[in-house]
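Both of the next two complexes hold subunit A, though its partner changes from subunit B to subunit C.
Right, the complex of A and B next:
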């Protein structure tokens, strides 16, 4: 695609005060988990023209995903999410370089997954994997944009120690949750878009509004609360020197 | 002393309040505060886990600092402290 078409594609967003398309073009973002959260953030980061999207998920699309995972359609059922997501995102914006990693996140794979990225977006559905990602984010000093949903509720936060606390400041490992988690489409959609917004701001050098804060979104009462999350001096991860 | 408690997410429905000011004797700890708030079986179950420990499914912050690793139910309270309570969620 020529330079002219590229300019045309982004012509509306470059009018936004403070926007820096070149910075976005040079950036790599990792999205771990291509479910309801990851679908929303991936679509909008690709649409905005991020340089490279690293997509990580080892699941296949199921019919019960389709109420909220907007990257997929009926014909995607049974296919690997990274492949289907890759197809959809490439069709949306061929200028974005896509790395499709059909990899299970664990303590052995996480190091390679985060390598070279500027920001990590959490699209996960369990706390154990989130702690692994949080730990690696702390170790490599790459900001971690947390997202989680349940029913009408959605949370988002931007963790970047030592500037802020981390996920382990807030929650303890080993928590269980009901399976399947009740969720409908707009809640992870809303949170995924907040995560994408914060990622774009960070990449462009604009201070993320969720730095050291937790957004609590309640779709039932349509409330948005911001809770300051200070560093926990007893955090088992980020309080250690 | 007086402690401000902020309820977030579905705890607002459970406690039928966004915010409460609770009067407690000097030297009271978080356990007493939560005990006075949890005046029904449903509220008690949402806040306390096994053997009267803090449920792992909630997050409680004192003046912006999570209490989970720093004192838990035995965290000391002072006049003017702000306690925020919300549930842990983990879906994606």
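Right, the complex of A and C next:
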């Protein structure tokens, strides 16, 4: 695509005060998990023209995903999510370089997954994997944009120790996790877009509003609460000497 | 001393509110952590990810003061 068409594609967003398309174009973001959260954040990061999206998921699309995972359609069922997501995102914006990783996140794979990224977006569906991602983001000093949903409720946060606390400052492993999680589309959509917005701000050098804070979104009562997440002096990860 | 615990969503039923539809008045001794207070009223701390007091997150090792109003937040794990 020529330079002129590229300029036309982004012509409305470069009017936004403080916008820096070149910074966005040079950036790499990792999205781990291409479910409801990852679908929303990937679509909007691709649309905005991020330079490279590293997509990680090892699941196949199931029919029960289609109420919220807006990257996929009926014909996607049975296909790997990274492949279907890649197809959809390439169709949306061919200028974005896509890395499709059909990889299960664990303590062995996480190091390679985050390598070279400016920011990590959490699209995961369980707390154990989130703690692994949180730990690696702390080790590599890459900001971790947390997101999670359950029913009408969604959480989003931006963790970047030592400037902020980390996920392990907020909560401990061993919490109750129902299976399957009740979820419908707008809640992960809302939280995924908040994550994408915070990623875009970070990449462009604008202070993320969730830095050291947590957004608690309650879709049932339409409340958005921003609360402070202090560093935990007893955090087993980021306060360890 | 007395504190007030609040919860929404699925935690509300576990809290068994008695002040209004989301608040429970709890009598407790001073110096007891929120984790122990929850255990004392029959709420498994694994159902509470963190708590809120005013605009701040409080972990379950927080020791409440007289009259505190504390909102319990459930674990949220879906994506």
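Keep in mind that, in the parts below, the second predicted complex is superposed on the first by the 240 of 241 C-alpha atoms of A that agree within 3 Å, B and C clash if a C-alpha of one lies under 4 Å from a C-alpha of the other, contacts with A are read in each partner's own complex, and residues count from 1 in each chain.
Convention: a residue touches a chain if its C-beta (ideal position, glycine included) is under 8 Å from a C-beta of that chain, and two chains touch if they have at least 3 such contacts.
It should be emphasised that the depicted structure is a prediction, and the values quoted were computed from it without experimental measurement.
*Asks:* With both complexes overlaid on chain A, does A:183 touch subunit B (first), subunit C (second), both or neither?
*Replies:* Once the two structures are laid over each other on A, A:183 reaches both partners.
*Asks:* Thinking of the overlay built on chain A, is A:101 touched by subunit B (first), by subunit C (second), by both, or by neither?
*Replies:* After superposing on A, A:101 lies clear of both subunit B and subunit C.
*Asks:* Who does A:233 touch here: subunit B (first), subunit C (second), both, or neither?
*Replies:* In the superposed model, A:233 contacts subunit B only, not subunit C.
*Asks:* Which partner chains sit in contact with A:125 here, subunit B, subunit C, both or neither? Use first/second/both/neither.
*Replies:* both
*Asks:* Just checking: does A:35 make contact with subunit B only, subunit C only, both, or neither of them? Give me first, second, both or neither.
*Replies:* Both partners.
*Asks:* Does the superposition put A:150 against subunit B (first), subunit C (second), both, or neither?
*Replies:* Touch status of A:150: both partners.
*Asks:* If you lay the two complexes on top of each other, which residues of subunit A touch subunit B in one and subunit C in the other?
*Replies:* Residues common to the subunit A contacts of subunit C and of subunit B are 33, 35-38, 122-127, 130, 147-150, 152-155, 169-172, 174-175, 177, 181-183, 188, 216, 218, 221, 225, 227-230, 232, 234, listed in rising order.
*Asks:* Spell out the part of subunit A that touches subunit B in their complex, as residue ranges.
*Replies:* 33, 35-38, 122-127, 130, 147-150, 152-155, 165, 169-172, 174-175, 177, 181-183, 188, 216, 218, 221, 225, 227-236
*Asks:* Residue numbers of subunit C touching subunit A in their complex, please.
*Replies:* Residues in contact with subunit A: 8-10, 44, 46-47, 49-50, 52, 55-57, 59-61, 73-79.
*Asks:* In the complex, go through subunit B and note every residue touching subunit A.
*Replies:* Spelled out, the residues of subunit B in touch with subunit A are 8-10, 12, 56-57, 59, 61, 63-66, 68-70, 84, 86-92.
*Asks:* What residues on subunit A touch subunit C, complex-wise?
*Replies:* Interface residues on subunit A, with respect to subunit C: 33, 35-38, 122-127, 130, 147-155, 169-172, 174-177, 181-183, 188, 214, 216, 218, 220-221, 225-230, 232, 234.
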